[in-house]
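Reading through the structure tokens given below for one structure.
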Amino acid sequence: MSILIISGTNRTNNKSLKIANLYAQKLISKNIDAEILSLTDLPKDYIYSALYENSGKNPEFNQIREKIASFKKIIFVVAEYNGSFPGVLKAFIDGLKYPDSLKNKKFALVGLSSGIQGGALALSHLTDVISYLNGNVLGNRMKIYKIEENFKDGKITNSVFEDLINAQIEEFIAF
Amino acid sequence: MSILIISGTNRTNNKSLKIANLYAQKLISKNIDAEILSLTDLPKDYIYSALYENSGKNPEFNQIREKIASFKKIIFVVAEYNGSFPGVLKAFIDGLKYPDSLKNKKFALVGLSSGIQGGALALSHLTDVISYLNGNVLGNRMKIYKIEENFKDGKITNSVFEDLINAQIEEFIAF
Amino acid sequence: MSILIISGTNRTNNKSLKIANLYAQKLISKNIDAEILSLTDLPKDYIYSALYENSGKNPEFNQIREKIASFKKIIFVVAEYNGSFPGVLKAFIDGLKYPDSLKNKKFALVGLSSGIQGGALALSHLTDVISYLNGNVLGNRMKIYKIEENFKDGKITNSVFEDLINAQIEEFIAF
Amino acid sequence: MSILIISGTNRTNNKSLKIANLYAQKLISKNIDAEILSLTDLPKDYIYSALYENSGKNPEFNQIREKIASFKKIIFVVAEYNGSFPGVLKAFIDGLKYPDSLKNKKFALVGLSSGIQGGALALSHLTDVISYLNGNVLGNRMKIYKIEENFKDGKITNSVFEDLINAQIEEFIAF
């Protein structure tokens, strides 16, 4: 089994990528082939060069599309911005090959926030988007809130979260 | 494989039950054991006798709980009321054994409406509820809009809908 | 100005009613006429006797409908049940006179939860319902999480919440 | 009174801008000062040059921020992409001055789609975002579905939609 983990923001030095690394390590320790795709790799002019009439015409982004195509299970790590997912993450999905890029694939969602929501609304909105594209989302959506308190030096410091993450990973492998 | 179909309203003579019957027939024709649970069977005083401190104490509803427990795949047929699912459907879920009644089970959602939404928001809200309870919802959420035009005498009269329903059923069987 | 506060559950001894009382006291101290409607007053057989073909035919509930009709500003206090609002609250709305009971009125939403969400998804879903009925919801949706820690003996014990509640009330009066 | 209308996509030759023009004409005919902001004016490298550590540092986008600051009523025209709003629209909001750019302002939402949803989920998600930022959204969310059939040569060709749009505008002026 191989799983792609998408770190869902292009912010420099973001925490999503660190959480993506944590999930990758956990998967690899179970002998699962885990790979990370970071939205920091989006082309600078992505919102013009890879969308709409230019969909499929940006060679750099086409490589990312091919990577998506090669995985059947995908984890999205989603920081909460303004009560939802990052706009850049939605723009990323808007640039995928339409309409079958996510169809019949399986997804797990991980939200993170500085505040106490853990991205609850972000994950609800993202589920709607993935569902629209006929992708299947694992019911167990992980919400890591107060990320600055609960995640330090690449490690979860809250044992409840550690257990919940491990349970989500087990369920996603079985999904 | 056996699948439970829940007709999600207690309205007399409702269309949800007719759509539930349609799904049951389609499943049975594929040699799948399909059973229907109609919310018209809820006790009259359900919202007092089977919720909160009385949770688990209504013998009539306990039989319904046991039925839920015996299925791993469940289809919800959901009429759109006031921009969401029927309150009675949510009250039904509020009366299930907490917290594991829906956990790790698989769900398909079918919305229906007189208007043009087909219960889009209803199905989004219901996905949030099922997800909260760790149930897994098939991404392909069927929306049957303008039900009076598109469903007559127990049959779908719109071939696009017929194809979409058949596709959803195939995906749910494989889910 | 007069404001109706709806305590959105019929659970015995619920916290929603206590929070409704808190809001009422705060409004009255500002010389605003505040009244409380508790869903514990719903008829026992409400989901049969006051919905669908019986809509408008339950004299007891008709009094509640008349109360709703007499207010232009309404606060909903909403406990989180199963990742959304209580089913009984939605059933209550399903029994109101359709389609104009909430039209052009103004609403403030207050969520409460034992866990850390404060009803974030519940308030989102309820906003969709009120919006469908052409009611206007104040953007500032109050989320009181970990209610057992933060609310004791009828008083908010967390000064941050106290300030947020006071701010919401000021905004709602001006709305 | 002055109202800003935001055409919520940067797609070349998009319909959102045409609908924005329609709303502008209707407002101007009522002697309301209406101005349009089109997301086609976003800088090419917007998702890097105007977000996160560069928030507030892109002079071109700062002019857009100042325009937002000068209006108290804003209409968003939102095409449905992939079951939600365009990613670019959310990225636009992510680049606004945080946290008060939308606070206490009033918003009307207009969805449009080729299919039959009219952006129902998009408008629900966008309401959550605006609500998070303490903006107030008019309950009456306009959904223009099957836009190719119902809007031609800059004019609504469906009299039901024409009436609904006029009603929404009246309600927004009074909001």
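Chains: A, B, C and D, in written order; residue numbering restarts at 1 for each.
Basically, contacts are C-beta pairs under 8 Å (C-beta built on N, C-alpha and C of every residue); 3 or more make two chains touch, one makes a residue touch a chain.
Here the structure is a predicted model, which means the values were calculated and not measured.
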Can you give me the shortest step count from subunit A to subunit D, moving only between touching chains?
1
Pick the pair with more C-beta contacts: B-C or A-C?
B-C
Whole-angstrom distance, CA centroid of subunit B to CA centroid of subunit C, is 27
Between subunit A and subunit C, what's the gap in Å when you average each chain's C-alpha atoms?
35
Return the residues of subunit B touching two or more other chains; collapse runs of consecutive numbers into ranges.
121, 124, 128, 131, 133
Complex contacts: residues of subunit B adjacent to subunit A:
104, 124, 127-128, 130-131, 133-141, 171, 175
Hey, which residues of subunit A end up touching subunit D in the complex?
10-12, 42, 44-48, 51-53, 81-94, 98, 121, 125, 128-129, 131-133
Of all residues in subunit B, those that touch subunit D in their complex:
116-118, 120-121, 124, 145
